[in-house]
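Worksheet for the structure shown next.
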């Protein structure tokens, strides 16, 4: 409200917005703000604070679901009366979605139509509102893909052929194609590595400047928001606890919650905790000449790697560089095209039958996409308890206690155990997935971007938890992340990947003094507060 | 019996002026076997085959009792018997031609008969093998051993002489079968002849899709001058094969468009259509009825207990509820109860008797009493085999029997058999069930073919194809059969057969149940549609659409 | 960043929950049987199916209540001169014969209908159950067999066996089998077995295809990592995802099985007379539809009710197993009120 | 793709061999002796033996099956009596009963079933998918329920009942059409379509129900997925979302089931053929089974099996084409 521009012209006006999920769960409890063209509003808050609920409500996307929305979302358009999205007819809503209001979703993996080529999806959305010719639409598709850093040749690929980050960029490209007046971006860069993240943020900023697009930037990453947003609203339990100009708010936070949020942000220059370096000769996992090909796509091109017992090995690298593939191969979910993975000296490929089933409990993985890694038809509690049940645990009371205990350790409550995955926020799902991986007390956990969907406080908790467990259970971690600060804070060593190869491996403490130019570039791209 | 209500349609009919138009025939039979005169098994030349093949003799084409008479066709008379009816001589009319214009000779008829002996062309009636001298061992003209049957002589192109093993006064009737149709040796393609036989009748095949349709067109070499039995009114006859009987009845009752010119040669009205017809005078006018001399009966295997005991057989005869059976068949218009083996419709050879009067709905008390007498005071349990493919006589009749017998303490275990199964199981003595629900019809209207296969002990064949289900073999009866066969006077012979039937009836070798009546609808433009008494069906050769 | 975050210090996870006030499980859509029951359509369907089964079980008592049995002929109720059609209106409905009598035999239709339920439901349900079990088993096994360790061969073998079962011309083989198997073998059981043997393959194919899609989900990978065997993964992770397509297909298959029994009975290959079944009643009655509509309507309507009930059940099952489906009926009224309220507001 | 097809071809050969053996043995075990049937009334044991020899059924069953296989692979000469005809490979043998080459018999009838299957499938797919989508647009509403009830009623009608009702309705009461009488496509396409209209409808109306249900369920399932939300967020009309996008989720199952159903109809639709007097494989099959005409029986089974295998292979290819995630 401090920005004078707001009084001059307003494009989006939100009044006392409330989102009530059946239950009832009040996910958003009275949010109000105004947005002028070219303005960026940051919406930050911990996981489950109602950010996504708000974002969806801005486009009227709760319509047709059991969720109830109260309050008003007024879209102001030149020469026309303001449109309250909450009361607009379906047709009115349809005409403004896209050209006026566009959205980038939090779940990049599932938000694209699996049956259509990514290029087609962008082009169709564009043509739908502009009536452009096929050729023009194709032209525009090429443009926006280039802008988000995807080779336009890959426009003919299907979503499942893209890595998580690439899919997210496609979603952004789709929004950009239409030059909307307001873009709601729900965690637009969670799945992206820092270089791409920087590129995307720069892009959003340019567009804002060029076209006067207003932006609602939803993120738990105060760094991301801080770099772009003029004004920030801090959400907690669905309520705005603090709001104000970014600089002021981040510089002198008033509310203790905001302060906690800020303090939890990992920094590259923070001192590293003292830790005994694991013995270099106690090798738990050894990877030699690992190659994985998907048809003609060569995801891994000869990776050599050792993971020492008890250490945390961080893996960073650009989107699509093969991090997830490497992770999956380490836990034997993916068979190598050539090369070996040895676990405690034994070739993983040599495990068979009962031995395989027993031993693979020692290897766990937390998947990149929390949405698809939980069975949508089972309750969270069941999913988390499943590994114990598989191991033969039958005592329900004990199971329940164990599950609830672990859920609480990752910051969930027993109540969440009785919900289905779609009734949790993205971050809550990720935490449930972490709890599931931990419950068996494995020797090795591969965490594929385990905290990218989490707000900084939860992130800090989870990282802390992982660290504690590591000590407690002599756990070895492979920690895949694009956030260099997080990686640095948890890891003993960091491997940097690029295009299916490991370009260098460094001790965490030495991360700020890399040898390789690529690592250097990564470091430079980290947003700073 | 016989044609009843054809009067209305024959009003404007004139044989002299009936030619033209297309007659449609809607049949449920598929005729996938085609029309090979050697393989066909017909009575009096059948319906469609009679349009294609002329035979030495044929049935007389008139309504009423005279329709059971045999008359000359290719031959000048019905045959001259000699030496106790063991040698039969025929002379051909002059000017007879095939549809391709070549003349018909006696040698062609001899060849036609001969080829019916080939194992490749099996399927025709068994009489020739049994009757002709040397028939039992003859293998037909196709290679292997003798290719010529010496007992058929053709002293000149228009004379043919048959030498029989025994006296057969009924030979002229047999000579009406399609095996006596001429086949030009040069055109014989063996097994493939069935698709396109050379016609000697008033029509020839213009198009034939097995299982689907047969189109007949006029044979220009045929003329009424040499054929008194066929009117051949329509110019074309289009026969649809393999239709569902429900559809046929619907189409005939609707009689719309082309169907106004339609008849059927094999689909009797079913009970529901009959119920509908009875309520609709307009439809009723287009119904004709007739009867094929055929008896539905229970056959006992006398070699199997408890039917070796006549008292048990009598008990079953008393227990029968013929009203329920008739209803199951579709009521009184479709079936008539019969207490005699030779049915009433085989008029000449019929003699009324009812030795075990069951009344209209059975006499279970008497049946129980007889069973007790036979040593079964607590009743009996017996299997009953029946043919499931026979929609009428199968399940409905069997369940009707089951219900009626239950009242008399007779438990029937139903044993449904599919057609092929039924034929090979029942007609092979080794596998034959003790009790069978079956039927028997005459190959020609005479007591001979009606009674001989059923009661002649020498007709018991063990290999299969046995019809003497009782396996009854009484030398005295056998001798009596031989004696009647020598009689060449039709009426005299029939009286003897009737007497024989009445005599055999006392033994309760079978339980006669009912005879079927045929009731058919025809299209509204069809004329001269009547059912003859020989076959109980149309003679298509006399039906007109003009 | 502070060196060590205690897990209980900020405790945002717990704090999030204003929802903590709500009763546990209130927002959990009832799944499975309870879920079916919780929905109005599902309850109606379940009650109907239950009633039909009850009719089958109590057939002798029901017939006794009417005072008839299914096999007795009543010649006096028929008009022999008009094809054996029943005397009186509406197919001979009377106080003695609640649904009239069968033409040409005079057997009581009500008694035949209730007894027929035994065969029809027994064969159809039995066969469907068999098809489901076999189809699921083979489909899951083939779908889960992966490229490794000869899995491809397992898949290829099972798929070819499925192809073989599909390639058997159903009707044709039923005829042969029914003829070949000895008469002494109980017919309804045989019918059930034959229908099972010839009908499991489509289910197997659907299940295999679905399974191949589902097994690529990451939650399946997660389950693999727990060391669960294929069987457990199939049961716990894949099966719930198969409920929708399989329930839908099953709802189609049950009436098909009933009709198949009818077709075979029609050809005299099904149950042996005088046993009645709905299918057999329908097929013998169709030609009577112009003369005695009651005779046709009795089995036709029964079959229809049955089909609708099973379809309803299938739909309810599908909905119940869909976690995102709308809330069950008992809360629906409330929602409708809300909707009305909203409309009012909009004006 | 090529490798997939090759593998499938090998699989198909194995399936067909197994199928041939199965049907041969099964129908061989069926009661009823073809020689007996051919020989007819009053056939004596020596005649029966002659006929058996002429038919080749005096050989042991395995020998006969072997002959069947070699005939199939190499062709065979058959004596018609006066001459011998050569039946070249792939020869399915010679029918004992109708004195015709089985291959020819099948080729004569196949067009009927192909016409029947393709026409009916087009109608039932249009109808089924159409009504399924229509119902899915408003699940649980009146329109959904009415469509469901109507289509289920149709779907639970036995084909022969449906056929009879159609014939009565169209040909007798309304007199819109003459009673159907099959005309080959090559002869007169208009007549072909006109005469097949009712048979198509009979099959399609009965079959559509399954497709309605599958489509509806598949669409509703897909509508719950995240990517549909993306479409909504870009202002795609709901109709378009359902008709173009959600329907994709239902198609794989629909295609799988359709291929199986088409295969079945290709393999002979007994009741439809009987009711409409169509000279197709189904009728031939039942007839030859009842006359124990083994070569025809096996020929039909093999042809039907091959058609079904092809249909399913096509379904798999389509499945892969429809869902880019499925690799073949």
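The first chain written gets the first letter, and so on, giving A, B, C and D; residue counts start at 1 in each chain.
Throughout what follows, contacts are C-beta pairs under 8 Å (C-beta built on N, C-alpha and C of every residue); 3 or more make two chains touch, one makes a residue touch a chain.
Owing to the predicted nature of the structure, the values given are computational and were not obtained by experimental measurement.
> Which chain pair is joined by more contacting C-beta pairs, C-D or B-C?
More C-beta contacts join the chains of C-D.
> Based on Cα centres, what is the most central chain?
Chain nearest the centroid of all protein C-alpha atoms: D.
> Taking each chain's centre as its mean C-alpha position, how far apart are subunit B and subunit C in Å?
49
> Per the centroid of Cα atoms for each chain, what is the distance between subunit C and subunit D, given in Å?
Distance between chain centres: 24 Å.
> In whole angstrom, how far does the Cα centroid of subunit A sit from the Cα centroid of subunit C?
Result: the chain centres lie 43 Å from each other.
> Just the number, please: Cα centre separation of subunit A and subunit D in whole Å.
Taking the mean C-alpha position of each chain, the two centres sit 51 Å apart.
> Two or more other chains in contact with one residue: find those residues in subunit C.
175, 179, 286-287, 322, 324, 326
> On subunit D, where are the residues touching two or more other chains?
Subunit D, residues with two or more chain partners: 30-32, 160, 164, 290, 323, 325.
> Any chance you could list the residues of subunit B touching two or more other chains?
Correct list: 246, 389, 418, 421.
> Under the touch definition given earlier, write down the residues of subunit D that touch subunit C in their complex.
That would be residues 7, 11-12, 14-16, 18-19, 22-23, 26-27, 29-32, 140, 148-149, 152-153, 155-156, 158, 160-161, 164, 209-210, 213-214, 217-218, 220-221, 224, 252-253, 256-257, 260, 263-264, 267-268, 270-271, 282, 285-286, 289-290, 297, 300-301, 304-306, 308-309, 312, 319, 323, 325-326 of subunit D.
> For the complex, which residues does subunit D have touching subunit A?
Answer in residue numbers: 225-227, 229-238, 245, 248-249, 322-325.
> Can you list the subunit C residues touching subunit A in their complex?
So the residues of subunit C in touch with subunit A come to 1-7, 10-20, 22, 24-29, 31, 148-149, 217-219, 221-229, 232, 236-237, 240-241, 321-324, 326-327, 331, 335, 338, 345-346.
> So in the complex, the part of subunit D that touches subunit B is made up of which residues?
Within the complex, subunit D contacts subunit B at residues 30-33, 36-48, 50-51, 53-54, 79-83, 85, 97-100, 105, 108-109, 160, 164, 167-168, 171-172, 175, 178-179, 181-182, 274-279, 283-284, 287, 290-292.
> Which residues of subunit C touch subunit D once you look at their complex with the stated criterion?
Residues 156, 159-160, 163-164, 166-173, 175-177, 179-180, 201-202, 205-206, 209-210, 212-213, 216, 244-245, 248-249, 251-252, 255, 258-259, 262-263, 266, 279, 282-283, 286-287, 303-304, 307-308, 311, 314-315, 318, 322, 324-326 of subunit C touch subunit D in their complex.
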